[in-house]
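Step one of this worksheet: look at the structure below.
When the chains are written out, they are named A, B, C and D in that same order, and each has its own residue count from 1.
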């Protein structure tokens, strides 16, 4: 703590002309929303690689702020056209802030990350949810909804409404879609190897089975020249969640949560980005959260050798005591039989897909189009549960829809009671 | 109401010497726990078929009680041997109570079922969770835990402890594993057809891909002789959840819930059984809930033509306002890469399996064996979420473990904070 | 139904010869609802005194059941007349079960009581809420509602509706209005002394300031003859909550709660009664909960010398993890100025009274009479908060009304939004 | 860290030339924390009077921001001395922002206020809780804690810790202590009349019974000269909550809440201030919340003639779906007998005071001083309930303490379980 004091004091000296003591949290990464991802004052990165250099250092116990662009780096605009969604350059995603070097962090430690706050920028009080076209990203229901669609959400403080999905108001459930430490070279090689195998197994698919390293559009932080090219060539894409956390898209990683992240390289090299205003379990339309730019305030601590001590090779977390507590819900069930009647074996994806389709059909009886319903189930805080996974041949999954988000009662009306 | 009144009146007449007016709810199905499933006073059934005759009639608005055997019909004993689990006769399951004929219910209606109460019998204040051996049922982790195991849970009112899993106390979250209306002949044929195809596609597997109609051990209610044989031959097994609900094993169908069930035959022919004292999402060890005998009190209403009106071909429900509200949780993440490093494509089953294995590894650092942890994650009210399903090639699923069920603090201990 | 009766009878007969393992909980006190409080097989008591003899002994760790009459001992009937309310004999209340001698419990221990279960009797699936007339008990708003009124609640499992308050359905929130250990003679003397002083200070009031020992109608358990008379003469009435707990009427003492009770006499002499199906904070109409007969299952443990160790002279408790989690609420504020405009000094009673009156006025705009609203606010699980107590001269208290108990939307309708 | 500072500096410099599109919400009142309450760019007010002129106008449906000083206008400093608390000038409080003229609002309308967001200023990431000395304000326990004390809380995003109360961490529960519309002249006269009567009834008391109009230190917005003096002479103090809402200090008025405020003058003249980071029910130490400066974002709508339509003369509200959901609690009971054994008649203030004292005694066994415990129970989100109010002569009130705010387990330890 003495260090911080000294530093703050110096700050007071240097900033006399500013007069205001901006105590905390210091902003380690700031972004300029008027500039592209490639031209940020502090270089961004959109790949995972142990050689992407840290842009700042922190000590455990010192709160700090990370500003983040939206995941596409500003490609999506606040308008009613879907051209930007249709033509989004996915090679550019996800634009991440960091890495941050954590003093004292060593491989096999668990980096403990407390989410102190998350917020939006006054310059950009809006976000978006998109359906990507099948030919450019797709989504959970891309065979049924192959065309691009977009909903803009206007933020009013910690609430959002959309002119594209009337009659709905969402409370904020802000969280980072992505947080994780840089992989070691060994882990990175493993990622590339296993994902390459998957792609190799199948002929070319749309959407693809996996996104392998792609040097085009790669941002690798402050690296330049041949070093940058070399890193870009082998760096992992940020699309999938992996054992380090990464793009886990867990809506419950809200303000007040504590995340435990495995460390793979000295200093941990923590990155964060892809902030969401809200999201449903599954993030089904792919660009499915309410995507936003904003900031996240973090504080770190460590469990030395925690990966070994607790035998955890994946990220884990403790949710916040501050929660959304919507009352009435309507819950849709789905089983491992698809809409054509084809039987699958305990396939939870098919089951949740059916629950989703049932919810969409219901919402269509309440005046929404299929696209609106699909976007809404992506963005609203629906709960997706794996209810039963062992009752051959069907799994049962459910989608739980909070009814308080609607400005009217959409629950089923009983008509024979005696 | 008249029927009940008449019945009550008669009751008053015949029971003058008893004097007490036992008002409600009338018990439509009672069970005798000292007798086997085959010898119950009111015949049970363990198959789905439209021709299984109703054992009672109700009107909408009239509360009634259904008593239920445990799902195996009493095959599992309160002792420390796993012989009963190992040798369980799965051809006998699930022992169901009903069907109940609902006056006025017609195909395409939604039968609205309110769960008024669920409880245990004073004669059987215990339940069980089992790991079935691979050769007889298996489970979600059967490749890792191929041998039989059993935990007996002792009930103390609405709480349960197990001498086989020390240090844990669970609050009741009673619910029926199975509830649903009888299929029409047409729907039954569809089930049999699609499930047969699945079995046919693969060589013989252990456990099997699906369980096709099996006349051995079939209980088809009051049917006898050739009619019984004929029905047993084509009746569907009760293992999987299907569009009618059935064995959905949803832990949130607790007291106070309202379920909407599609009706396929005149009178609906509602059946219920497989009561659980508690269960985790996934019911992962197959015999994974705290299985129990007990009663459930129901009240019915109808949405005429509701299947069409709300475009719902699957069961749906509204959860209760009475809930378990455990505070602190520890949440384990899993992705679509199995423990050997094999990469799958967006496979939620693999992802949840990994979350489960991570939780088991964690619990092993807290003094539990793998079997104990597996049983606990099956029976305790863990939440299994489908967090992200579109980030190729990995899905992210989580298992959320409530920490208040333990009699000590098992959360990770941070050791470097500044 | 007939069958059941016969079967139960047979069961009782056959049980003589059968070793049925009815494991738990043993019933330490059973009641016969067809008999008056004075004629129960196990004598009841309606006074607090250290000399009332225990009716049973338990060891810590052993679950047991206590059956309870309703608090009046059966004086109120399931009909539409208010005569019984008007003429209730309050000298007879509260009819309590016990005392129970706890082995090992000594003065200054804290007796730790876990509430394992609470339930109703099938013979009496109804309860009542009453407004007592000013001349016989009164209530929080007795000056405005001086006449007797009654609402009968019909139980359907763990839910209640009333033909006297249409459009409302309550989920069970069962709890004992009274639980506590017998006072020592020293403590009893203190009670009598301080309450006598209060009565002496004022001329005769209606309702009275306090209810002093009253030998008429006193039930003192198994005591007889002169000993009974002597004890009745000095035993404390059960109306008020006191430091031992007693008639605390805390709606949150539900199934799963743990209560810590100071022990004053060797063996603790624990008594319980006055079961409620549900209640609002304040229990404002005096007979304000949904009063019921039923059973409560308990398990005990001890903190030796806990009164000293934790410096607690009053009962304390830890609420259950199973809770009612109603979503939307409408909250009414009240301040320390009464409806005539008179200013009080930080008087929370006046403030809550005003919040109550505001809620009643609101409910009158929704079609309820004042009496119905008063009864409803007594019986429904409203929350009464002491929000601010230091802002001279007004306190602010609130009454929070859950809106999901109504079968229609009663929230205020906004009419100018832009 | 120095790097960051430099970067911030550069940012400030560059920003001078950039047209940043700060879309929303427009800030209707901004404050300058380096200036006193008397010298703010937009005049503040610390009295209620219909003639205090609006500082801005809004239309319903248009979100806007109000910045607020802390309630004392900056009198309390971030240091370890209690001098500022001891000498606070209470004639200066509460410093309020507004009034805001709402177009279309007329007397007897209900002004519907949605709380879109509440937050702190980066320049002042701290707050305070104080015990005022008996001679200057006092508090709920001023007879036991007559001396000044202070706890500074450091904010880390939406969490607070205090170097003066170690081992505790609070999640944000931000809310305005004060919100309300200006009284009509008629209502103001009523306030003054009734409060004067109260003061007149008693000889001079410390603390006083009520605070009558006080022209010294009065801030009456933009009014000047004789008009200002005249208004100051009759304007009501802001200390008490009143029917318009005002200083209601309700901790549940958090982000996402909707408040319904009676309108008394054309344009409503809405004021807000006294922001709290967190507070316990009762705000017992008077300066008992975590007092802070910050902003609140609001959106308005109207219910025309709502005061008549819903018969509401007091403010009412609907709480947010975003809530603190702490799990385990320890609940302390109190009755209407004070610590000297004196018996009161159904006095909820005495009962809650006893619950508070019991909680303090408990916390003293856990290593806290009485002052620390008193401050903590004021600032932490404890729940204060009016549990029973009709059981003569004792009321029962409870204080519910969330245990997750402590960094260790402080719950009672059972030592005899079998």
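Here is the rule we use: a contact is a pair of C-beta atoms (placed from the backbone, for glycine too) under 8 Å apart; a residue touches a chain by one contact, two chains touch by 3 or more.
This one's a predicted model, so the numbers in the text were calculated from it and none came from an experiment.
Comparing chain pairs B-D and A-D by the number of C-beta pairs in contact, the larger count belongs to A-D.
Look at where the CA atoms of subunit A average out and do the same for subunit D: the two points lie 36 Å apart. The distance from the centre of subunit B to the centre of subunit D, with each centre set as the mean of the Cα atoms, comes to 50 Å.
In subunit D, the residues touching two or more other chains are 321, 325-328, 404.
Taken as a graph of touching chains, this assembly is complete, with every chain in contact with every other. Across the interface of their complex, subunit A is touched by residues 325-328, 404, 409 of subunit C. If you check the complex, the residues on subunit D that touch subunit C are 59-61, 104, 110, 112, 138-140, 190, 194-195, 197-198, 207-211, 239-243, 245, 247-252, 260, 281-286, 288, 301-304, 306, 309-319, 321, 327-335, 337, 341-349, 352, 354-355, 358, 361-362, 364-365, 383-398, 400, 411-418. Within the complex, the subunit B residues that touch subunit C are 7-8, 10-11, 14-15, 18-27, 30, 32, 34, 41, 63, 114-117, 119, 122-123, 125-126, 154-159, 171-172, 255-256, 297, 299, 320-327, 404.
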